[in-house]
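This is the structure I want to talk about, given as structure tokens.
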Amino acid sequence: MERELKIGMIGAGRIGRLHGNNLAHSVPGARLVSVADVHLTEDMKSWASELGVKNITSEPLNVINDKEIDAVFICSSTESHAELIMEAAKGSKHIFCEKPIHTDIAVIETALDEVIKAGVKLQVGFVRRFDHNHKKVRDTVASGRLGKPHIVKVTSRDPEPQSIEYVATSGGIFMDMTIHDFDMVRYLSGSEVTEVCAYGCIMIDSRIEKYGDVDTAIVILKFENGAIGVIENSRAARYGYDQRTEVHCDKGCIQVGNDLIDASMISTAEGVTCEKPTWFFLERYNNAFIAEARAFVDAVLHDSEPLVTGRDGLMPVYIAKAAEKSLKEGRSVKLSEVMA
Amino acid sequence: MERELKIGMIGAGRIGRLHGNNLAHSVPGARLVSVADVHLTEDMKSWASELGVKNITSEPLNVINDKEIDAVFICSSTESHAELIMEAAKGSKHIFCEKPIHTDIAVIETALDEVIKAGVKLQVGFVRRFDHNHKKVRDTVASGRLGKPHIVKVTSRDPEPQSIEYVATSGGIFMDMTIHDFDMVRYLSGSEVTEVCAYGCIMIDSRIEKYGDVDTAIVILKFENGAIGVIENSRAARYGYDQRTEVHCDKGCIQVGNDLIDASMISTAEGVTCEKPTWFFLERYNNAFIAEARAFVDAVLHDSEPLVTGRDGLMPVYIAKAAEKSLKEGRSVKLSEVMA
Amino acid sequence: MERELKIGMIGAGRIGRLHGNNLAHSVPGARLVSVADVHLTEDMKSWASELGVKNITSEPLNVINDKEIDAVFICSSTESHAELIMEAAKGSKHIFCEKPIHTDIAVIETALDEVIKAGVKLQVGFVRRFDHNHKKVRDTVASGRLGKPHIVKVTSRDPEPQSIEYVATSGGIFMDMTIHDFDMVRYLSGSEVTEVCAYGCIMIDSRIEKYGDVDTAIVILKFENGAIGVIENSRAARYGYDQRTEVHCDKGCIQVGNDLIDASMISTAEGVTCEKPTWFFLERYNNAFIAEARAFVDAVLHDSEPLVTGRDGLMPVYIAKAAEKSLKEGRSVKLSEVMA
Amino acid sequence: MERELKIGMIGAGRIGRLHGNNLAHSVPGARLVSVADVHLTEDMKSWASELGVKNITSEPLNVINDKEIDAVFICSSTESHAELIMEAAKGSKHIFCEKPIHTDIAVIETALDEVIKAGVKLQVGFVRRFDHNHKKVRDTVASGRLGKPHIVKVTSRDPEPQSIEYVATSGGIFMDMTIHDFDMVRYLSGSEVTEVCAYGCIMIDSRIEKYGDVDTAIVILKFENGAIGVIENSRAARYGYDQRTEVHCDKGCIQVGNDLIDASMISTAEGVTCEKPTWFFLERYNNAFIAEARAFVDAVLHDSEPLVTGRDGLMPVYIAKAAEKSLKEGRSVKLSEVMA
């Protein structure tokens, strides 16, 4: 029988429990053996017990320093990610870390250095790479059957705006929401972004103005391989989570639409009605979360490169910084300007 | 906390394990506590152990007579269903039974009588009723918003023919394959079938002729409510499992297509290509199997009528008998002729 | 320059004017030189004058016997078709005749004999064969790339029922409406129908009962090449003219949907809405009428077999007779029974 | 009877003949009475004769000064448009002019002044406004039922690049190709563009570099009403003419895809194939050209404002200038910078 990977979960909030359930039920070769949360609740305890977890603690280091553990899932609050990565690396644990690693580039770089020094695996939680639709676009482009990519397009709209409290501390639309799309264009194009120009406006909730944020944005991008691209975001698509990607290439174009709630069509005198996209990321990326965890476990068990690396965690932060600068200064910004 | 339903599984083949996994991981309120299979293998044992099942046996009666058990899932071979239903009913266990109950109507009726006498719940495994697509059609029709149904259509094609060995003992296309569609038209129309006319032919594998079977069939139907319908079957749709339903009503029409492997569209000089339907019933009805098990557990825990009753298990067998007679005699056959 | 075909139009009602306009504007090589209508109105006269027609008459024989004329379009009332065909054949004019030739088979046969004797071309107005969608199905099947056809399906629904006055003299649903679909299954399958079974009901307008008619029907069919098929009709699809065809073959399936009013999709919290099919046959088959007239002119100018022959005009009438008999007698009817 | 508009055609090349055929056959109330082309050929003569045009000349002024003429269609080469507009205005003729009026803004303004002074109607040939798809988007947005527009998107790709000779004198991608899309975003948004940022690259044919042109471009735009937008262009979509528009609004989103060659779907083991978009603008905008001419004739006959005004002819030229400047200078450019 194949070796089993013993995993500790740090952070048992919504996303931690999602990963925990998947590890327990849907990821062959994984065994969830301990759970830590600095704000441990009774609910978390009974959830973990149900899954057969014996070691339940409010101290993340108890998990990291547990000799039995092979790997950790870092699903705690964003500001703790980098430090926990460094601790885990020092403890020679393999690491799955939710995105973003941090919003401060220097901090990310220090953490990534530790990972390299320790020689452990790190996979960053850009889950959309594991979605069947976006993956199909990437695989088709990477296969070369459509020739060189010319134009990369991402449409990414949330069904409803975050609360104003959330916005206040979110780090802004580019760091919070578009960061997924910045990862996506790198993934789809197979190339690095070199320059961006961002336009943004407030169309949904004027209260966000005082935080210097926008809720509607378009970013155009240049890539190292000569292609160009565009990302388009809205915080409020009343019909649901709209996640479409498209790459136009030399010999043709591949595009993916949304997964719909069902495949129905109702025709009446008033018109023809189909279903909406699945509501939000938990529905749309449900299977992608499972595939993501499986990929991590596979990478560790078979000693292969994780499909989302530390560098993949770092680059979108640079792009977000450049987009922020572009929006603020009303001009096109080269990535080299923010990487200096 | 809500009461937990303790369940015993009888039959640990492909479909039994499918249900077992769902009960263990995806059905709140259910606990799989014992597993029986008359041909118990090491594989079955280790599968059951993994799920935390303690009572693993080759004797179904050990499960049925276990006092701890509230309900059984009968997933053994078809010919054993009716007898196990009767045993379970006598043992006052609630029953989920895979379809068909039996191919002999008298045997089914005897089993159903036992169920009624015992006052236990029985749900028959017509899983397609729990598919999001077909359910949407049924719910829309039942809501009355499209008015009275006029025409009920079912397209049902398997991706590849069964082995010739399977065909030899399958009971024929109507009893083996169309039986799902006979259930479907009752479900969608909300009415009973009164008459059928069946045409069939052998287009795929001429070896089935000696078993008196066909591999391609069309059945037209009349319903008690005045509507008419048509079912169309093929044993070999090379592009995958094709499962479409449609009801044309007074004020409009609802139709559902297939769930596709992904939502991609590739456009080149050669044409525009989309993905195929999900391969076969395990992929297409994956979520429906979960919903089916949840519905059974709910019906027992909340003492409500199961969504697929014993009568729902019986009626499609009558329709299949009428279709067989129609094909054989080259004429339209009233259901009353086979119910006499 | 290529020879010009001089054409006389008999019947200047809706369908005659449609053909007349096409011949004048959209059919290279055609010249409309005379128009006859037994109920000639001022409107017809000014319409014909506008098109530059000089010879405008209330006497069809004036057109048929005009030496200048090469061909006639017979667009008068149905009961006059056969006689006009015979007159035109005697006058050595090529003939385009609207469907149906007649509802009496003996009359049709006599007319077709005259055509053969005269050695003129006859094309019957089954316009749907020239629709880009249905033609694509037929051409794909005929190419053999999908292998042998197994199942032929036609969905054909009108947007609204005819007036009760029309129904009274229409000849019944099979002769009036399904006749197009009977032609279609022959066209798509490339094979002759050998047997039918028809179910029908009255779901839309109970007043038609006294005429022995139905408004909703399903007909299953057997073909000479071993395939089977189904036609489904409704007189009232409130969402528009629903014209879908499908052929399931050895290696796959081709299906065509409807042409829609536009390619829009509107997504809101209430759902996703697309446009309806184009309203009725004038919209849906607009381009097909042009292609049909062009094909006739081509066949005459290049002395080739018309794409819809006299036999193609005759066979659907046999099938309609068999369907009527089946509905009346409640049994499957072989075509040989009505051909004897 | 309604008054008839007598029209003179200036320029009998491809687009002139297209309009001429439409005026002759498909535009009620229009009569094409004279045709001028400075390079008059025998072909043009016989084409015009066929349509019943009596006055055929190589001198445009013969048309403009013809007292019988009410209106002119200017379909000659681009550099002659402005002067012919001025001549026609002086001659008190209503004017339909193909786009663009000119590439020099001062020249356009002078011409428009003449039109205003003369009090004649001018409609500019932005034909896409009359396409059923784009018009549906515009009408839906203008109706207000989706609330305020937030994001306006245009995808516009040609099926194959122009010849290198054409590129040499085309005026560049923004003035030649994107100009239609600049018109489209004004039309869809109902608002003026205030700022643009353009990225472009050469992906298809490196020979265009010496003309300072690009063949792949993305332009983001800001609108007066606060919305933002993006236009995406490629000179080579090997699968055909790709013309999609989309407006995301407060309450939802409307998008339109392409008209396809037919509505077929072929499913085999290799995949599911649909048809490509109609090949190029002549196929896609065939009906739009008719609607455009009808709208002009209506506007003149009923003395209403043309649906595409002189200002509509001017504004896209400003936007194109700003886009050119943005691409050249690598920065965002306000429209006021090029309007000064």
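By letter and in written order, the chains are A, B, C and D; residue numbering begins at 1 in each of them.
Quick note on the criterion: a residue touches a chain if its C-beta (ideal position, glycine included) is under 8 Å from a C-beta of that chain, and two chains touch if they have at least 3 such contacts.
Computed from a prediction, not measured in an experiment: that's the story for all the values here.
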| item | value |
| --- | --- |
| Result of counting contacting C-beta pairs for A-B and B-C, higher pair | B-C |
| Chain B and chain C: spacing of chain centres that average the CA atoms, whole Å | 42 |
| Inter-centroid spacing, chain D versus chain B (mean Cα positions, whole Å) | 58 |
| Cα-centroid distance, chain A relative to chain B, in whole angstrom | 39 |
| Junction residues of chain C - those touching two or more other chains | 237-239, 242, 251-253, 265, 267-269, 275 |
| Graph class of chain-chain contacts, one of line, ring, star, complete, other | complete |
| For the chain B and chain D complex, residues of the former touching the latter | 237-240, 242, 260, 265, 267-269, 271-276 |
| Complex interface listing, chain D residues touching chain C | 25-26, 132-133, 136-137, 140, 146, 251-259, 261-269, 275 |
| Residues on chain A engaged by chain D in the complex (per definition of touch) | 148, 150-151, 153, 157, 195, 197, 199-201, 203-204, 216-218, 220-222, 226-230, 232, 234, 236-239, 242, 248, 250-253, 330-332 |
